[in-house]
Every structure is written in structure tokens, then in C-alpha cells.
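Please read through the structure below; I'll follow up with questions.
We just call them A, B, C and D in the order they show up, numbering each chain from 1.
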Amino acid sequence: MTTNLDLNSIALRLKEQYGQVVFAEPDYLEVTAGALPHIAGYLKNTPGLDFDFLDMVTAADYTDRFELIYRLVSIKNNTVIALKVKCGRDRAEIPSLAGLWKGAQNQEREIYDLFGISFTGHPDMRRIVLWEGYEGHPLRKDFKEKAYDAGN
Amino acid sequence: MTLATEPFILNIGPLHPSTHGVFRMRVVLDGEIIQDVEPVFGYLHRGVEKLFEQRTYKQNIPLSDRLDYVSAINNNWPYVMAVEQLANISVPQRAEYLRVIMAELQRIASHLLAVGSVMNDMGIFFTAFMYMFREREKIVDLLEMVTGQRLLYNYMRFGGVSQDIPTEFLPALDRFLKVMPGYLDEYDTMLAGNEILLSRTKGIGVLKAETAINNSASGPLLRGSGVNWDLRKSAPYSVYDKFEFDVPLGTAGDCYDRYIIRMAEMRQSLRIIKQAVEQMPAGKEKTPTPLRLRPHAGETYTQVESPRGMLGCYLVSDGTEKPYRCHFRAPAFINLTVLKELLIGQKLADAIIIFGSIDISMGEVDR
Amino acid sequence: MASEIIGSGLLKGLRVTLKTLFKRPVTTQYPEQKLTISRRERGTVLAWSAEKCTGCYTCERACPHGCIDIETPEIGQKWTAQAPCTHRCPARVDAARYIRSIAEGKPGEAVAVIREKIPFPSVCAYICAHPCESACNRGAIDEPISIRKLKRYAVDNDSGEWRNMIKRALPTGKSVAVIGAGPAGLTVAYYLARKGHAVTVLEALPSPGGMMKVGIPDYRLPVRILDADIKEIENAGAVIKTGVRVESPAKLIAEGYNAVFVGVGAHQAMPLGVPGESEPGVLGGVDFLREVNLGTPVKLGKRVAIVGGGNTAIDCARTAVRMGASEVSLVYRRTRAEMPAAPEEVEEAVEEGVKLVFLAAPSKILRAEGKLFLECVRMKLGAEDSSGRRKPEPVSGSEYLTELDNIISAVSQSPVIPKSFAMKADRGSRLIVDPETLVASAGIFAGGDDVLGPATVIECIAQGRTAASSIDLYLGGNGDITEVFTAPEKVAERTGGPLEAFRPFGDAIAHEKRLHTFEGVEIGWSNEDALLEASRCLRCDLTYKPEKWQLKGGQCIYCGLCVEACPFDALYMGYEYERNTYTAADQTLEKEALMTPEVRRPSGYMHPEIARSLPAQSLLLDTDKPKK
Amino acid sequence: MSTAFLLPATIAPDWPGNFWWHLLIMTVLLIAVLMISVIMFIWLERRVIARFQARVGPNRAGPFGLLQSFADVIKILTKEDIIPALADKPLFWIAPAMAFVPVLMILAVIPLSDGLQLADINVGVVYISAVSAITAIGIFMSGMSSNNKYSLIGAMREIAQLISFEIPMLLALAGLVMASSSMSISGVIGAQTIPFALTQPLAFVVFVIALLAEINRTPFDLVEADSELTAGFNTEYSGMKFAVLYLTEYSEAVVGSILISTFFLGGWRGPFLPGIIWLVIKMLASFFVILWIRSTIPRFRIDQSMKLAWKTLLPLAMFNLFIMAVKTVFAPGLTNWVAVPVYLAITAVIIIYWARFMRPGRQSVGI
């Protein structure tokens, strides 16, 4: 059975590693964008934690900010942890995790395509489902398009 | 002497017999050997996640069928579970068992389709495909008995399933359970020992366990590489903890293992269905929920083991009658990350088989 | 595999295909072979029944991509006697109609409609248990219409126009004594007085109202409201004498009353049935409420535990809070889902700081060195019982002690019938009467809580009406107690009826203020809220029969959501057919035929014909079973 | 059926050019026979394969769908004839004819019955092997000229196959020639008091496999591997030209089955029945085997088929040649039923032993 870890203890360990960049919420860790790669690498490579499997990356648009959710799974220990990163909506940039987990490549491209969050350090940051030169990012809340305006 | 050669660029798809939809691979060939691959997505992109934000919660259930049209019932599941968690709706036991039975039937149907189409790619002129469809037809009839539909069942509801099984269902299911193992044996006799098939699949498209994990592969692709990760075991949802079944694992991680694992998983699904039918309690098949449901504000992530892998649903509710954000972790889409590593250096003919053995369905990949 | 000879695998495969060559093909073959597709739920036809549809637009709202095209006339007509809400109401108050009156901005007419059935409109507007709302069809769509609050809006804005249509009957010279001025008794008094009988109500307590007065705290039912309704009853001619104790109804008959109605109610708290119940500091729920309501000083400690999950328990808890108890906890043996109390009241109680302890039942009450202790045992929910609620079972060895100042047992109440009454009662000491006429013995009638056991006000009123009409018959009247205060309704045109609207939130007074005063917690609705809420009504008793109901071409995906959503079961999805060969044309013909209601069959697979024809099904029969 | 009216006994059936009516009649007869049989064989193939796949097959046009093929022909002929803009037009035009004519030419030397034969040239075997190679050139031209990458790959595969499978085929035939000490077809048939399938089983096996590759049937249909190269060499063809190419494939199949029955099953020879009936029976039998294989066995990869040709068929053909040489030198008269089991045993031993080198799943050699 997948068990959730004691987030507070992990948060403490991370704090003494990287300082005040991690906040333990009831069911996820909130991480500042700058510290994301370090913390992800720490979670991946620390024996005892070794979250080797990146389950899911996605984002949500809260009209004043974006929130990215990273869901890491440790197949060895059968544990799950979720990271949440907030980033501003204008020129949103997040360091890419494609270097740590190849599995992040397509998902980050999709987020870039649909939300316009660009991932620095991604091997090829291009649109994935929409065509090049498409205007706007559909999953943003302020995205306007005829069909949807009619629908609303 | 050496000839001056130039790369030979070939577009496989979007309209190609064996891209299982409108997938497109832009491959660079040297003779028959693939030197570079660039998968091109989006030919079936329908903006499903945006559409989810346009409709009420209940209206989204039929939409979730359309994600992976080959295993529609498995697609309802995570979405329905997510809404149930947010609105804390309780599900009757009988409904859970019905869900399991239907989902496992659907899994068998989906695997049959996957294996059959791989055989087709391999050049058995539609024979294996037809045999598998012969059995898939039986399953579809069973599902139709219950749901009234044959492809997109729209079966699950918040707090249960849309309708209870008819009286004729269980006898028919028993008949199916009796004959299906015989058919699986028939396939094994016909295919598993076939030398040409072995020489086409063994050692082809080998995926190491670390690579698979690092690429977030899941489902038969991951288990074929010997990683024991099946959500029905490792994170049992619904009532899966009440059944005993094995998780078939591969050793080499090649196309042959994936094929064998799919065959074995069908047998395991049959086991699960048997037990579910025995254990299924009487009772209501759903707890009534209002048409315009308004879950509490919050977010949740639920996931199930679909025939293609870990199918997750990340749902954010703001307390209104429409989802604020709904994201599906599509296993087929993420499994395709590994495609490039698998294909480079292989022959063109093998590329088709490897691609087929990943078993995607475009509706899920492009969403 | 490797040990075998190369080629053996190929040969095996060849054998399999060769075997298949000599089997019957599984695909249906026509016209060579008669194609018989078994009758089954095909789910490819949407049939609509014209006479069940009331044009409520629910299906249109349910459709995922708006492919239902429906047009209704502005004017509807009455098509069924009673809407579900009216039908569910024990007193058959025509809720649907007065909601319409409110939607048309005529609260006075609404009150008149209510008064046609009950003499306590204001009381019901404040404290009715509203069974009507659980019957409301709107509940299946989002939330039921909050009928009680609409009623409250009506009585708050009453214009009193109903008085213009009061008809007084001539005195009949007959006299009736009513024992107990509770909801039942006062209802009897009211209607008998309207029929011209001389009615005397004898009440033991210092003030009339019965449970409405002493069982329900003032913050739910302010005294003036109750008194106003009782005033109306006195205006009708009933005489109320308080502080009078009656030895027996027979004696009253002897004193010259022609008939006696016994409505003494159920005023005794049921015992918990655990040892140590007689300890000082252990109170009965109703006794506690009565004393508080009558203003007799009650000494209550800081830490109070209430046992029970009903409305009385909640009332006790909230009253205790208002009396300054700081730690009020409510012990219930099931979970919140099973609580019989009204959910909104539980919500308000929690807001006021009442601690809810679920899955616990008192096992012992003991007093050690002057302190009072309650020992509870943890429960767990077992299988569902007949009532559909899951039965709690004690978890042995899970007992725990709590130190308290007071324990209030509010599990249930039972009637207390004095011996001197000499009336037959059952084990629950409820009076045994004729269920139709409520006759206990010659000239003596009984009704209300003392017959039903602890019941809601509206049920008692309903019994009062029955009793009144049968007493009138007994006294030689025609037994017809119906009153008409309104002109017959001419069915109005649809006023909006927006399906998008949700129930407006009822406001309550700030809860720090609540904690100390007994004034009414709930605040009535503003006109806008009331109109909006009233316009949400589906008008189940009217039909706006659609001039057009059709699917926009080819858009339907047969998801069946509209069928599930339809409150009136006017839609049916499914299709059964059996034919030798079929073409698209045939199917469309069949579909058109199916659109007429008389071809509709029960949906689902249970159709007997289906059962019979199932074995004929081509693909589920396994004639080609491979040898294992 | 007697053919005395065609061939007076006084004239040896050598090069009957002086009987012009004989030429005329035979040519017309052969073309007619080929056309009709091809169309019938197409119907037969579709029906038989359908039954192999538990289907019914075409059954609507005419009784038992007999007219289906005619309907298809009409449909194809009425299609628009498209030529790709960048195609090499002359080649594109010539290719179908180049492919089809040689198939017809092969028939010229096949005796349909005793002496019922257009020309009995004394180097028939060489003639056949020479002419049959031209078809491949036609197919190569079609693939080359249509300027489509799929077609190009198909064409390359075609040539590769031709080169590698021609040799074992010829070596197998050489064994026949040795045994019958004649190169004319009638001579080969005349020598088959016992069909060569029994006296030279090894050659039979090699010849059949090589023939399958020559006529591009499964498991060697790499030229038009529809799952990899959408339709291979004839992707760009349509209308009349496509019809001709299509005709070519099936007439290849027909002629192939004629060749098998002529070389190894004793041609028209047989008791009781007229020779042409026997020939038809044997044709059908060998065609049925071809269909059977097609509906069961997956396709080889190109390198695997090359491997098969060079590493298996060639040595086996050599063995056969060696055995025949030894026999003709030391035991020239040893062609009676007693020897048949010996031949079979030797063949079985050799094949089984040799197959040990061909385990599947090894790393495959590149082309």
C-alpha cells in the first residue's frame, strides 16, 4: 500500500540542506522555484528516500499565479511525495527536471504548450500538441477563443 | 570503396496502417536502420482538459470515456474517484465489485486488441487479429448487456455505476469465463512458439529497468522490464485488496516479454473476475447524487491501473458546479517518452513492432 | 521452447489455423443464414413520452453538449392533484401552490393557502420538520426547494387577506372538552370551534402550546409567534383554561361535555437504561427544556453531556450553551450521517461550539467523591438493518470515563397517561385508538404524541384534523372541516424558473450573540432571495407540455444523462430489435415508431422477452469451444 | 483429353512453328486459362483465408460471392489513373507490363496435359528461371519510378530477395535436371514416375521456400509489407496500372503453384483422370498450402530472409545436389518406391541438424 511519508521530517532535512525554501503543507511540500532541481535531486538520490519515479507533472492557473504539481513515487519503498511550486504568471519560468527524469520531457513540453510556462534547461522546449505559431495558451484562464466564448 | 550516402527521411504516419491512430514518426533511415526518430504529437488533440472546465461534473463522465476509447471504463474510474473524494460520496460495496468486473473485462478486451494489432504489424495477415476480435466481441456483448453501449459505455457514476447488471449477465459471464482460458491457450499454441515470431520479437526493443523507471514508463511496458509495479497491488484502490492475483513480470524487457505479459495479465484478470463474482454482495448499485453536483473546494489526485499503465486524474474544485482544473496523467502519452531510445539503431520493420508493443491509443496521447 | 525442434512452433500454428478452417465462422452471415440478434438493450434510441413530460427543461440542462431542442408554452395547466411535496406533507398543505403565490409576489395568498390546511402556519414556518423538502424533485437536480423558509417568508409578510373569507358556522349547542393544549388539541379545538361547537381546552401547564411551548426553545420558536397562532384559535371561539388538571375523560363526559379529545402529549423523557441514572445531576431532556422554557431556574454546570442524536438532543445542547455551559458535548452511538436531527441544526450547533462525539454509547453513570462520571463504550457500525441505517455494535473493552457536571438524556420521550384516565395503552404506553376515527371509547377521542409516540408538530396537526372531523361526525355534523380562503387558482405563466440558480443561503444572527440570548437564530429571507428560491420550483403539479421536443440532428451520443436526470421519468433509452436482415432505413423507421410512447418498453435488460431470446444469441453461444 | 487433333503423331513435338493454328490456339488458350484462373484464385484466396480467420469472406456478389473479383476488376478499371507529379513517367508506364508479361511467358513451356503445350523447348528449365527473373525487374522499376520512399524501399527489398533466392532455387532445379537428365519440362515430367517431391524432398523444400520468396508471398512479402511500407512498390499505382500489378502478383501465385506441381508433383501425370484435371488438382493443392502459410506465419525481417536464403537454403540445395550427384554416379537405377523412405529420412536429418544453427532470438546480421 502506498504510504505517505512524514512530510515535516523531510521538510526539516531539506531545510538544513538548502535553507528556507521548503514548507510542509498537510499533503505536499511547497518549494520555491529556484530550489526545485536541488530538492528534486536530493529526493531522488538520497538513499532511504530515493524517489526514482516521476509520476506526474502538471500545472494549474489560479489567475494570479501558476501552481505546478510534481508527484514523485519511490518504487523501491512504495512511497509517494508531492511537490508544489508557485510561479508568477508574467514570464513564468521554472527550472526543468528533464535532466533528472527523462519522463518529465513530454509532460513539461505539454505544460509549456498549454500554459506557457517555459522550463529552463529543457532539451527542446517546443509546442507538443498544438502547432508552431499557435497564439495563446489554451489552459490559461484568460484564454479567449470563439468556440469557448460561445460555450460560456 | 565507400559510397557517399545521405540520410533517408521517412514519415511514418499520421496516416499509416500501423500507427494505431494518427501518430506520426519522422524517422531518419540508413538503409533499413533507423538513425533518428522524432515523434510528432497532436493530430488528435481535442483540448479535452479545457472541455472538462466547460462542463458540469456529471456531464464530464461521457467525455472521460473519449480519452482512451479502447478502455473507456477504466477512464471513467479515476475521474469518478476524484469527484467522490472531493464531495466525499460513499460508494456501495456492490458498485465497487461491479466496477472491478467491468474494468477487468475491459482490460482483457484492450489487451486482446493490443496483441492482435501487434501480430498484424508483424505480418500475420489479420488471422491473429480476427481471432482476438472473436473473443473481444464476446466481451463487448457482455458489456453491452449491462451498459447498452458497445464502445463508449459511460458506465460509472459518482457513488456507483449507472445501472445494475441484468439477470442474464452472470450466466453469460460464467460461460465466457469457462471458454476464455481455452482461447488463450489457443493463442499461445499458435503464436508463443512460432519461430518467426520469436525471431521478430526476442531481443527486439529491449528496455532496461532503470531506463523504464527514469522515463516514467508504466503498465506492461514497465513490468516487461521486470519492475514489479502494479497499482492494483502496490496502491490498491477500490476493492482490489480483496482479490488474490499475480503481477506477471518480464525478464528481458523486449517485445516478446511485453506480449507474454499481456497474455498473462488476461489470465490474471479472469482470476480477478471469478473472485469478484463470488464475493459480490447484494445491495444498491449507486448512491444517488444530484445532477449538478458541487464538491467542496480543494484538489485531489486519484489513479488507477489502466491497461496501458498508471492513469491518474488531478482534479481541482473551486466549489462551483464545474471543475476548475482537471488533468489526466495519460499513460500512453508518457510511455511514448521512451520511444526514441527504443527505436534508434533498430530496423524499420522492428520499429513498427516496438511501437505496437508499447500499445498506445491516440485519444489518450493527444487528449 | 529452445529444446524443441525448430519449425515445431510453426507447425503448431498451422494446426490451429487448419482447425479453424473447419469450424463455423463466428461472424454473422446473412442472407445465407437467418440473422437473429437477440432482443437486448441497445441503447441507441432515445424515446420521449409526451404525456409524462412537463417541460421542466431538466433534460436540456443535463445534456453534455446541448443537443436537446425543447420549446414549451408560457401557460401551463394543472395535470396532477398533488405535487410530491404536497403528497408527502401529513396535513397535505399545498406547498407547490403557495410557492407559486410567493413567486408571483403574493405572500398573503400564500398564507391563505397554508391556512386552508393548518391552523399553525407561523409555528410550522419556524419549526416544521419539512418532510416535503425530502420529497422535492428539485433535490435530484441540485438542492430541494427550502419550502419551510419560503413559508416563513410568507408568514413574515402576511397581509391577513385570508380573514376576509372566514365563514362562521351557527352554534350547534354541542360542547367539547379538549385535554391538553398541544398542537393536536389546539387543532381539534380550532376546527370544532369553526364548526360551531363550544370547545373548552384544559391545559395542565401554566401556559398553552404544549410541546410547541415547553419542548422547543425560544431561539427556534419565539413566544410571540406561538402566541399569535394561539390567539387566532381563540378568536375562532375556543376557550383555553390553563393550570387545570383533569382526573379522567369519563368524568368530563359526566360533567356534560358531549365529546372529549385526549391530547396530553408525550412529556416524559425515556430512561437511558444504564446503572446510576438516578444520580443527581442527571436530567431528562424534555424536563430540562420544559423547566427552561417555563422560566423555572435550572442549575447547570460547566461541563454538560447530552445523550442522543435527535432534535431534542440538539435543542438541549444549544439551550445548555445559552445557559452558560462551556463544554457541551453530544454523545451519539451512530455517525453524523445517521443522525435523525435536522442537518442544518446540527450545523448550527457545531457553530455554537457543541462537541459531537460519535460512535459512543453510555454504559454507566457513577459518582465518585462528589464528581459525576459518564462511562461510554465505543461503537462500530455493523450491517444495515431493516431501516437501512447501519446497526451500531459495542466494541468490548473500549470503555472510557469522562468527568461531567450534568448529563442530559435526550434519547426519546414517552406519553404519561394517568391511571385515572382508565384508557388502554400499549407497551410504549401509547394510547390505543381506532386508526381511522381516533375513537378511544364512546365519546372519547385521542390523538397527537400520546398516540403516535414522540412525533413532529405537523403529524400532530394532521391527527388533530382527523380527530376534529370524526368528532364533528360524532356530534352529528357532516365532518367536513375543509376551509377555503383563496379564489381557485388560475394557472399562471412560468415566471422564469431558472435551473441555474442554487438555494440562497439563509442568514443567522452572529453566533457570539447567539451564545447568550434566546432570541431567534434564523433570519427570514429578503424579497429577492424568496422570489429567487420560489422561482426554482419545478412546478411538479403543472405541466407546460412542450410543443417541441427533439434531438438536434446526429448530435446525441446516447450517454443517457438526460434519462437519469428527468424527474418525471418521461425519457427512455434503449432499443430491442429482432429481424432477419436490417438496413439503416429499417432502423430509422423503427426509431420513429419508438418515439411514440406506446412502444416504450421497460428499460434495462430485465425484459422477459429478452430473457427468453438470450440463448439464441449468436456470439455468446460457444459452439466453437476449443478443446483444452 | 486427347490432343491428337493438334499434334499428328508423325511430327515430333519439338518446335511446332509450322503449325500456326496450333500457336494461335494455344496462346489464346493459355491467356484465357491464366486470366480466368487468376480471377477464380483471387476469389478462392479470399474465401479460404476468410475461413482460416473464422470469417465468411465475400458472399454477396453472385452465388457464394463468385462474382466478387469481377466486380473488383470493374471497380479498379473505372478508377482515376493517377501518376505522381515527380514520377519517372516512362518507367512508371512500362513497369506493370514489364512485370506481367514474363509471367505469361513462363506458361509457354508448361504442358497442361500430355503434349498440350505451346512450345516444348529443350532448355525449358533455364528458360523458366531466366524469364521469371524479369518480373522482379518490372517490380523494381515500378517501385523505383513512382518516386515514393515506401516504394523505393520495397523495390530495394525486391532486388535483394531476387538475388538471394534465385540461387538456391536454381540449385534445387539442377538436382531435378540431373535426375531427369533432361532440361525440357516435358522431360522433367516424364522422369517423374515417382514425383520428385518424394525422391528429392530436400530440393522440394528449398524450391517451395525460394518460390514463396520469388513470388512475394508471406512470409516473404517484404516487398509490400503493408504494415511497414504502406503498400510497398505499388503504393502510388491506381486504376488500370494497379490492376495489372495486382494481376501480376496473383498470376505469379498461380504460375508458382503450376511450377510446384510440374516440377515436383508430377505435373499432369496421374491415374484414371485426364492430365489437365490432375494438373488443376495439384495446382489447387499447392495454392492451398501457400494460402495456409500466408494466414498463419508472420513476416520475416529483410535480414532474416537474407539469412535464410544464404545460410540455410543454399547449403541445403548444395546437399541435395551432392546427394543427387552421388546417386547418379553410383546408383543410377535407384528410383523406386523403396528408396523414398531413405530420401525422406536423410532430408529430415539434414534439415533438423541444420536448423540448430538457426535458433531465433540471436543478434541478427545487418544487410
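Observations on the structure shown:
The working rule: a contact is a pair of C-beta atoms (placed from the backbone, for glycine too) under 8 Å apart; a residue touches a chain by one contact, two chains touch by 3 or more.
Since the structure is predicted, the reported quantities are computational estimates derived from the model, not experimental observations.
Comparing chain pairs C-D and B-C, the larger number of C-beta contacts belongs to B-C. With centres taken as mean C-alpha coordinates, the chain found closest to the middle of all protein C-alpha atoms is B. Centroids of chain A and chain C (each the mean of its C-alpha atoms) stand 48 Å apart.
Distance from the chain C centre to the chain D centre is 84 Å, each centre being the mean of its Cα atoms. Inter-chain centre distance (chain A to chain D, centres taken as mean C-alpha positions): 62 Å. Averaging C-alpha coordinates per chain places the centre of chain B 45 Å away from that of chain C. Multi-chain contact residues of chain C, defined as those touching 2 or more other chains: 6-7, 10, 13, 16-17, 20, 26. Chain contacts: chain B has residues 127, 131, 134, 190, 194-198 touching two or more partner chains. Looking at chain D, one finds that residues 52-55, 295-297, 360 touch two or more other chains.
Checking each pair of chains for touch leaves A-B, B-C, B-D, C-D. Of all residues in chain B, those touching chain A in their complex are 41-42, 45, 47, 49-50, 54, 213-217, 227, 229, 234-236, 241, 299, 301, 303, 310, 312, 314, 316, 324-325, 327, 329, 333-334, 336-338, 366-367. Residues 55, 58-63, 127, 131, 134, 137-138, 141-142, 144-149, 152, 154, 162-163, 166-169, 172, 175-176, 178-179, 181-183, 185-186, 189-198, 288, 290-292, 294, 321 of chain B are the ones touching chain C in the complex. Of all residues in chain A, only 1-2, 52-56, 58, 60-61, 69, 71, 75, 78, 82, 101-107, 110, 114, 128-131, 138-139, 143, 148, 151-152 touch chain B in the complex they form. For chain C in complex with chain D, the residues that touch the partner chain are 2, 5-7, 10, 13-14, 16-18, 20-21, 23, 25-27, 29, 32, 624.
Looking at the complex, you find that chain D touches chain C at residues 48, 50-56, 59, 292-293, 295-297, 351-352, 355-356, 358-360.
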